[in-house]
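Consider the two complexes below, in which chain A is the common component and chain B and chain C are the respective partners.
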Partner chain A sequence: MEQKNWNLLDEALGLNNNNAKPWPLCGRFVLVEDCVDTSAAFVLHQILKRSFSSHPSSAVVFLAFSHPFSHYDRVLRKLGCNLAAQRDNGRLFFLDMLMLQCPDEGKANHDGLASVFEQIERVITALHQDKKFISIMIDDISFLEVAANGSSNDVLNLVHYCHTLTSDSEYGCAFIALDHKDIYLNGDRTAVMLEMEFLADILVKAEPLATGLAKDVHGQLMVLDKETQHRHGVSTVKTHNFHFKIKENGIECFYPGTKI
Partner chain B sequence: MAATRARVSSFSRNVSTVTSQNPGLKHGPNGTMFISSGIPDLDKILGGGFSLGSLVMVMEDPEAPHHMLLLRNFMSQGLVQKQPLLYASASRDPKSFLGTLPSPASPKGDNKSSDLSHEKDLRIAWQYKKYFGEPQLNLNTNNGGQHDYCNDFDLRKPLDRHFFSGNNVDCVSIKDSPNLTALQDCCAGFLAKFSRNEGSISSAGRIAIQSFCSPQCKYSNEEWHMLSFIRSLKGMARSSNAVIVVTFPPSLLPPSCSKRLQHMADTLLSVKAIPDEDKELAKLLTGYQDMIGLLNVHKVARLNTQVPVILEATTFSIKLQKRRFLVLECLNQAPVDGSSGSSYGTSGGCSGSTKAGPLDF
Partner chain C sequence: MADSICRTLRDGALEGELAPTLTIKDSLASPFAFHVFSHILLQLSSHVIAQKSQSQGIVIVALSRSPSSYTSLLKMNGMDVASSNKWIHILDCYTDPLGWKDKARKSANVTDPSQQISLATSSYKTVKDVDKLFLVIAELGRGLVGENKARFCVAIDSLSELLRHASMQSVAGLLSNLRSHDQISSMFGLLHSDLHEERAVAVLEYMSSMVASVDPYHHSADGQKGCLESSLYDQNFTKGKFNVRFKRRNGRVRVTCEEFKVEPGGISFSPVSSVDGTVIAGIVPKVQFNLQLSEKERIDRSNVVLPFEHQGNGKPIQIYDGRRSLEESNSEANPISSGKKEDSAMGEIIYFRDSDDEMPDSDEDPDDDLDI
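And then the complex of A and B:
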């Protein structure tokens, strides 16, 4: 494998530690949080790119709620990853959920998000034969909630299901989801967010700088690794804080004040 | 940052050029196309205009109708360029609104840049930014073409009837609808005419929805129904060559619902009224008397790219030039009065003033 340029985000997520596992996020749930002022979609793009380059038999199941394939294809292409080719090679399963809308509760064919479950299960069982390292990514949990007509139960069921897929006895998948933290700041309907923050192994939070907008620093990232997979029964929590700047072909991460 | 770099990279082509076939369309970066918002200053701020396939949301101020100015110019621009329009509002007769749309100004000899020379004598250059040239985005490559892409609208002259008496305008009233299903079907039918394929774009469509969650609508309590509607609009927009502008009053919605809507927007703007006789604001800003409102740009559409758009300024004053033309200007802070001495102290956030800053919204 060619020499990779790991940045602070890769290190915080443990992606540069290939000795443990070829795809270090296997068996872990990464929750990415952002707000209106600062979007954390670039974290998803970075993880997507790294997952394909980690091992030849890695695969991704991507549930897209906020952007169509054409958007991701173009973005990833500039990052050096050809999504169309990965899709053709059976390494990317892009499920376009932009127009998914569940019928209201009480209607005859109310089945919650069952169709989504079935799609994921079908893809995972088919992949499990030959692919070892599967990542499930959900583009936007808040849009999933809207698709489920606000039913927290349905959304939590799906999140729990995806989380069970990360356990070793199941498929040992990696599960990555993005949600918008500022929607829940007023204290109502926080069940989904609280549950996900509890279940998550790694929390990635993107916020704007306290001092306002800047052209060369786009925001700050806080990565909290709960280190739930520990060897000696001692669990530690690792926190990383750094600033970032997003470019077309990647991201620059640097500690505050050390921008080159 | 090297602002004068002329290298053309296939990844970040920031020059927007008017297409020769259709003057109403302009190429944007990353394979996107722009259509004009109808306000030349807003086009410049947004880097070219509204991206085709994007959802633009405008947060209203319930105390002032300034969002109507944005809507009117947006609709007029489309009609003048023969781009089909779908307009929905909660009034009983939305078609009558078309009579209030502005007409393009008659071409005159003077241009905006001559305003700067009105003070020929001693100029104290503390507002030096005004005297720098235009930023590097060269929207003026072809002056005639520039004029066709975006018109200056004269708010005192109503649009000629023949622009909207044809078949290219659809008006929908949502006043008596129990839910948004009918409007959603209308929009779906309209957008199907502009579905995106790999070929060249023949025409672009515009949808303008005014105050879609206002309390007069019967469904205004059904939060999730409204959210699904906007989400489906967003999904439909991405696969079509159209721009959808939706205005809504965030103060009349639960805060989480309003935040969800803000996240759904590709481009997010908000307008705020300026109180008439605010002495503090008058001291803080120059040209306060001419301002009718404030416009804040919260988010700019980032289609096909992950790089955010960072603007030089996000708050602009809305002024009517000669009481006819809508202009957006950067805010200029008035010079501190040396004699009072306390201005800087009180304008800081840590002074503990009880009122939130007048420019925070």
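And then the complex of A and C:
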């Protein structure tokens, strides 16, 4: 466990910091933003892998909106992590939401995404009794919006409720969500993105290189760690910028210009 | 101007006037309104504890922060949380704003996992009902300070969140009800201005007697593109500008500007002028010689005794300005040197001015009447 090959992404997220907390992301909201040119799904894969491999008492509640379990199982197997085994161990709860469709507004049983939250909370109460450190992961906020019939307010309500689970007085979960930046580009629809950015404790932005596509560099990441005030009295902001290259069995992160 | 904001909120409302209201607004480029909010909350709390303020209690309407984060905020700043029940009460609209958890727990019969929250807290589960929210706030305040003339202060930690749940009109109605409530001494709220239409922001600004706006130190030239310029980002995330607009009763508006700096211990404010120097120093192009003075050089320069000022030897300072000085006109228009007979060996310059209307050392060309 000591001799892990931490890469820059792990360091930026503070995952290498083992002595601070049992699971360094506890109580924090990590928002991952990507765009069409550069997908940031690998950030979720990386966090999943680290959570299972280096923190024996952690568990993940995964809300899948964009890909089925078999997809993640295949990807994570390449990274050296067996999701099926983790699921059988009770450390991964995979909630398949691919076919989720909320009833339309105005119908009798319209309660927004309350039922989704109810499912999440039920799993978490069970896990909490086992003294597990829980991460909630949503693999695509934009599909959540589709499921909610385009009601961004419903989405924000669910995000808010998931955020409440990160507070100390509740379960102290970690909450990780992925969203696409460029679908909010025009005008009045930006509120969802902005609101989530205000909420986020750690913001991960993936962008293509400004100079265009390159063979050795697949994009650049910016990790913005807003250390909020209620954590041990510190409130400093750290930013990390680096380039990455996605490989078959992992990612390579390096500072701009240091790749030979 | 953070001090004068705190003073105004502390002094509270006059009889028969609306309570002073502060809106703190920020944007994503400089998201530090909550730092300002906590700063003001702490200042006001210490005034309340010392009984120096008009209000005797604070009701915090928590929409975007958990009650436990307020507990740790107070603890961290050395306030006695145990005795705080007398003057602070949190209305928790954060944990369960829509009653989802409540519903789930009722059906599944699960007990609330909340542990010991040492601050007095009541939860509110129907944020959409703003009229009821007003009644609850007023009731909680009465519970803190009693039925009599005593007043309390209301802090709303996110007007943005409130605006998301309820319509503009109802939020404006809530604010105006709170302002005109005769037991409320002052109130302040937080707003993320880029989440709303300009219209909504303007409405809230109209309804507040003070608007504190937290602005980035440097505006990046083209919004999104500048995001990856880390140095700019770093700078915007440690300090910024703090603009405050005060509106007096008579309609006078005063705008002040300050700088703030975010430090591990909280937020600190400084007058903008002291930092202007460094800004200019940053603009001056890099040259091999030094254009600026260091502090020591500045002091040394101010100590230099200029020639012709015979200072320090007891005599009054005399600098000849071309006219007869008062002293000499008293001694009946003697030539300037006449009083110094004993120095006559040294040689002297005798000068009589032609007339008093000639300006000394005038810039006029003495030869301009020449006709060549």
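By our rule, the second predicted complex is superposed on the first by the 251 of 260 C-alpha atoms of A that agree within 3 Å, B and C clash if a C-alpha of one lies under 4 Å from a C-alpha of the other, contacts with A are read in each partner's own complex, and residues count from 1 in each chain.
Here is the rule we use: a contact is a pair of C-beta atoms (placed from the backbone, for glycine too) under 8 Å apart; a residue touches a chain by one contact, two chains touch by 3 or more.
Predicted model, so just to flag it, every value in this text is computed and none were measured.
Chain B and chain C, once both complexes are superposed via chain A, fit side by side. Looking at the shared chain after the overlay, A:F143 reaches chain B, while chain C stays out of its contact range. Superposition on the shared chain A places chain B and chain C such that, viewed from the Cα centre of chain A, they span 120 degrees in steps of 10.
When both complexes are overlaid on chain A, the residue A:S169 reaches chain C alone and has no touch with chain B.
In the superposed model, A:A191 makes contact with chain C only, not with chain B. By the touch criterion defined above, A:N89 reaches neither chain B nor chain C.
When the shared chain is aligned, no partner comes close enough to touch A:N17: not chain B, not chain C. Contacts of A:H218 after superposition on the shared chain: chain B is touched, whereas chain C is not.
Superposing the two structures on chain A brings chain B to within 16 Å of chain C, judged by their nearest Cα atoms. Those residues of chain A whose C-beta lies close enough to touch chain C in the complex are 111-112, 114, 117-118, 121-122, 125, 128, 153, 156-157, 160-161, 164, 167-171, 191, 194-195, 197-199, 205, 207, 210, 220, 222, 224, 226, 229-230, 233-237, 239, 241. Listed in rising order, the residues of chain B touching chain A in the complex are 1, 11-12, 30-31, 223-224, 227-228, 231-232, 234-236, 238-239, 254-256, 259-260, 262-264, 268, 298-299, 302-308, 310-311, 314.
Across the complex, chain A meets chain B through its residues 36-39, 41-42, 45, 66-68, 70-71, 74-75, 78, 98-99, 101, 142-143, 146-147, 149-150, 180, 182-186, 188-189, 213-216, 218, 246-249. Per the touch definition, chain C reaches chain A in the complex via residues 28, 31, 34-35, 38, 64-69, 72-73, 76, 94-98, 100-101, 103-104, 108, 110, 113-115, 117, 160-161, 164, 192, 194-195, 227-228, 230, 233-234, 237-238, 262-266.
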